[in-house]
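Since the structure comes first, as structure tokens, the remarks are kept for the end.
So that you can tell them apart, the chains are marked A, B, C and D in the order they are listed, and the count of residues begins at 1 in each.
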Amino acid sequence: MAGNTFGTIFKLTTYGESHGIAIGGIIDGCPAGLKLDLDAIQSDLDRRKPGQSKIVTQRKESDTVQFMSGIFEGVTTGTPIGFQIINENQKSKDYSHIKDTYRPSHADKVYDDKYGVRDYRGGGRSSARETASRVVAGAIAKQLLSSFKFNAFTSSVGDLFIDKPYQDLDFNEIENNVVRCPDPAFAKAFEEKIMQVRKAGDTIGGTITCVIQNVPSGLGEPVFDKLHADLAKAMLSINAVKGFEYGSGFCGAKMKGSDHNDLYNEDGTTKTNLSGGIQGGISNGMDIYFRVAFKPVATLIQNQDTINNAGEKVIMQGKGRHDPCVVPRAVPIVEAMAALVMADHFLRARTTRL
Amino acid sequence: MAGNTFGTIFKLTTYGESHGIAIGGIIDGCPAGLKLDLDAIQSDLDRRKPGQSKIVTQRKESDTVQFMSGIFEGVTTGTPIGFQIINENQKSKDYSHIKDTYRPSHADKVYDDKYGVRDYRGGGRSSARETASRVVAGAIAKQLLSSFKFNAFTSSVGDLFIDKPYQDLDFNEIENNVVRCPDPAFAKAFEEKIMQVRKAGDTIGGTITCVIQNVPSGLGEPVFDKLHADLAKAMLSINAVKGFEYGSGFCGAKMKGSDHNDLYNEDGTTKTNLSGGIQGGISNGMDIYFRVAFKPVATLIQNQDTINNAGEKVIMQGKGRHDPCVVPRAVPIVEAMAALVMADHFLRARTTRL
Amino acid sequence: MAGNTFGTIFKLTTYGESHGIAIGGIIDGCPAGLKLDLDAIQSDLDRRKPGQSKIVTQRKESDTVQFMSGIFEGVTTGTPIGFQIINENQKSKDYSHIKDTYRPSHADKVYDDKYGVRDYRGGGRSSARETASRVVAGAIAKQLLSSFKFNAFTSSVGDLFIDKPYQDLDFNEIENNVVRCPDPAFAKAFEEKIMQVRKAGDTIGGTITCVIQNVPSGLGEPVFDKLHADLAKAMLSINAVKGFEYGSGFCGAKMKGSDHNDLYNEDGTTKTNLSGGIQGGISNGMDIYFRVAFKPVATLIQNQDTINNAGEKVIMQGKGRHDPCVVPRAVPIVEAMAALVMADHFLRARTTRL
Amino acid sequence: MAGNTFGTIFKLTTYGESHGIAIGGIIDGCPAGLKLDLDAIQSDLDRRKPGQSKIVTQRKESDTVQFMSGIFEGVTTGTPIGFQIINENQKSKDYSHIKDTYRPSHADKVYDDKYGVRDYRGGGRSSARETASRVVAGAIAKQLLSSFKFNAFTSSVGDLFIDKPYQDLDFNEIENNVVRCPDPAFAKAFEEKIMQVRKAGDTIGGTITCVIQNVPSGLGEPVFDKLHADLAKAMLSINAVKGFEYGSGFCGAKMKGSDHNDLYNEDGTTKTNLSGGIQGGISNGMDIYFRVAFKPVATLIQNQDTINNAGEKVIMQGKGRHDPCVVPRAVPIVEAMAALVMADHFLRARTTRL
């Protein structure tokens, strides 16, 4: 049983390989009557696309989304929204060197183990190119939730991290630099770090913090589909993600209850927000915030020892155009997945009461 | 749309409030022909139950599971397995003090916000008592996956953490101490820490590490239902969990690709395992390991300022029998949820190839 | 992947074998705040239970439902409603004669083929006893849809059929006779027919017509989950059902478009209703009506030739207490399944518009 | 919650309006390693397409399917199969007359009621054009089930019906006539009937019988997802379908048990097959057969009284190119939906046993 659908009421199903004809998807369950801002959708795609700055891969893809259905005269009709992004850069000749060879820390071998057959061109289905479809759907989810505010940003690169609470950051700064960092000084440091790693033909990991504001109380479903459980799954489903924490997170595991409890104000808000805006899996109206860990990209511009599908040692030559750090381009993906989770629970909550 | 079912093929649906007549569930999709060891199921329940040692709540519940269907002459028949655990300790008089009052960092208020009505006795549906049903189902999942090895253990309490790789630990030690720690020296330190916190009427957080061994390559589904994404959701769905990381986790976000990549041996195993046994969402045959962060229990034996449902300030008196640290009792829950995820993907993988 | 759950938002999962400890289920997704009339639920169960009249099986089961969760002070809380019906009549000694023998037109052999193991007592999971759980859930669904009217009735027994449109029948008569027929004359004829068949140790088929009134326009989902497609599945999932037709049904297949089209009145109602209250899979506000065909019960009080699981010829002796005609007891089951479909679509429709 | 996905493991999600840019879909869950015969897929599409003979609509659409993903070097890879069919005939000027007018017995009004907005061109999402996507997926399902035989055919038009059991028919004749009838004499009569109705600007209903052979025992899931229940839903989800019966069907409701029971041969086959190849919802290895009723097409080449969306009386002028009888073109759709059901249960059955 395959796993290419996300969501229960606001549902996204995606298809497509990195170097096939197109990638795309179907959004089923978007309510009727939503006037779509198509430019805003394309704009989120542009934040994710390759070639947008010197710190990301220099591959060229315009990543233009085309909608096939579900929108009439600019308004959603309640029927499924089919869309596609044509793969413009699908020359397969570049990938013959990995046809039989398993790249370290890539999914090449497990796909062969699992399926017995594999579209090896550019990683095929395991390529992060698939996430462009998520950005399309997430951008629509954001428009559905027009009163919510989604702000994700690069909060660390390697061992450099923003040492300020998010409340002290200006989210308007995020798009003012190529690393998508709301603090100009850290932005510069992050960028330098990435350029330095790139020169060495290496890659580096980092984290993204996401803050969701203006969320009403009551979203999220006990017991398995807790709001943060669905956020965790959404984030871990993004390529290269290794960890997720919300609210106090792993730090909370070091604390005492008397320090950790969020006491109430008389209006029902809480004085602190170590809970991260979610209690018992249900939003409480405070800011939702979480952090996502990305490993360094596995493709290096260095030679690496590896094996081929006959189990023979081979040397994998590092070449091509790759991201030295996936984090800046992953910012809109994190926002998109967060928006998909929130849109789904927003609609689910409509069926809670008589 | 409610969220009381976990899994897609091996599915658990649970019901029940902390102080209702019973809790229980239905396991649908367990294959026919599995000879069940009922004692092993009860044994996992006993590891979770209250009153088992001096460092856990002293509430008394025998937590005896009764199976209603799906098993004939000791063997699963492929039909749904209904089961229940009678709530023996359901005196509701103890809970009148929280009928109208919202306990800090509990789900009382959000349940009222969401549903407009709430079974306030012992937290009702938001109580971790529900996880007993998960342990029942997880114990059956473990028997289905008899060749897999599931070992979870307490890896930190407060700021004390085991500073050794899991490979240097003896999993046979886990059940030899009340904190479920595989290292006797740390076990003693963890226990002392918990007893000290308890005396102060306080609580403390901690982490659980889980290692799954003997997993075949090929389990997990691209792109949304990656094996680690489902593990993340499973873990975050457990009460009090704030974070999840697998393989290199948050540390991996600080690393370079040249340090992080797992190079292959000729037999297809990898020399290192920063990937945590999963690549591209699919198991690769190496050990799967992950870490789960638990916040400190919100119920203190201390007075706390809070509000009632009229928005008035009230003082919540700390009383009752509660866990000073949830981690030792959560160890079998983590194992159970891990087993549910693996059982589901084990069956899903049967439909992958022609 | 098993199939013991019905519905998508208002969901029923059932468990239980005919002669196990209990049958029961979990209703997940019933909205919070519904004040339940428990007597009305038991009353629907009583309409289905054995031993209620001389034309049904004389087995004795009180079929008393017990609710375990999800209801607090008489009101639904939005959490799962667990319930059970203890099997009082579970003496398994009566069933040794079918342990190894396959009853003609029963599911004995296919269960063995499929699962390799089978609880043979009373048909196990394949027994229509399971439908008692559906009646419980359906009775709650009816209360959720308190403005809808569900009326099912026996419309034919063997080749005797009510030769009047349902508009000419008095639904208040349905419960005034043991066959559940709204026309007293036909009720008498149906009853005589069944008694005559019973005396011969034989059984007979029949049909149930169901009319759902006061349904708002807009329920049902294009394209696969059309309202009538879900009704069809619901009905065919009832034991012994062989056919379903709604509106003009099989007669409609003989008609011309100029005779079949339902023309509009100015208020949007239609002058005729060959559409059966559904157009394009969506309710249009007119009466929904459909007809369900039940085959004759396969258990006869006659000797029959058959085989055992070794493929040897054996004679199956007819004995025991069985229904000569399943239709009268199936009336509340048809209503229950119809109510489950409508409740599910009632909640689904809440997510259709912005 | 929308309903544009069919199946649980072998899953089809479709998108597209009659006069949008394209229709298409995603097949998720097709096993890897299936060598596809693309010509056979197009061939099934050609059986469904408009303009193929004088008895169907003379609209011109080449209905050429293009695959976007999931197939590599002619073999399925286990990843989702995205496909599309460009709408070539999408001039919307022809549909201004139905922009505000509700065609009798069409879905125009209920779409407005439900969604508040509607793509009125050619019926939009409610058009049977959507079924072309089902034919694509069904053709792949047939190839997955290469040993099964699917034969659907026109068994009645109006009140003319084939008065022979299907065993006496030659399925090879089906494609030898434009009405898809396996009996040449009836084929001629059906064709004449349709031509006569067409000349009058009218339409007519009919039935399709479908026979599935070489099905192994054990497919189908108790209790809700019985094989015939899923077939019923599949068939009722096809545009214009009003009824479904399998095996003895509505005739079975008139019979006695002693006549209806299928007695066993020693090899486990049955002497008769009134069960229709399914017992207790599970295939028993005998032929599966069922019958589907189609109402007459609602679009007439006659003037009809109707209303507009302001509730005013208007006269709808009959014009355009429409099918006088939908049945001949629906034959491949019935086969496709049957194949989707069988493929899904074929894969589901893989998880039944240890």
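In this text, a residue touches a chain if its C-beta (ideal position, glycine included) is under 8 Å from a C-beta of that chain, and two chains touch if they have at least 3 such contacts.
As the structure is a computational prediction, the values presented were derived from the model and not from experiment.
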item: Chain separated most widely from chain C, comparing mean CA positions; value: A
item: Chain pair with the higher count of C-beta pairs in contact (C-D, A-D); value: C-D
item: Length of the line joining the C-alpha centres of chain A and chain C, rounded to whole Å; value: 46
item: Between chain D and chain C, distance of the C-alpha-averaged centres to the nearest whole Å; value: 26
item: CA centroid of chain A to CA centroid of chain D, Å; value: 39
item: Residues within chain A bordering two or more other chains; value: 1-2, 4-5, 8-9, 14, 29, 32-33, 78-79, 114-116, 125, 222, 347, 351-353
item: Contact footprint of chain D on chain A as seen in their complex; value: 1-2, 4-5, 8-9, 11, 13-17, 20-26, 28-29, 32-33, 66-70, 72, 75-82, 84, 114-119, 124-125, 347
item: Chain A - residues contacting chain B, complex; value: 1-6, 8-9, 14, 102, 104-107, 109-111, 113-116, 125-126, 130, 156, 158-159, 197, 202-207, 217-218, 221-226, 228-237, 239, 242-250, 252-268, 270, 274-276, 279-285, 293-300, 302, 304-307, 311-313, 348-349, 351-353
item: Touching residues on chain B, where the partner in the complex is chain D; value: 1, 9, 29, 31-34, 78-79, 144, 222, 347, 350-354
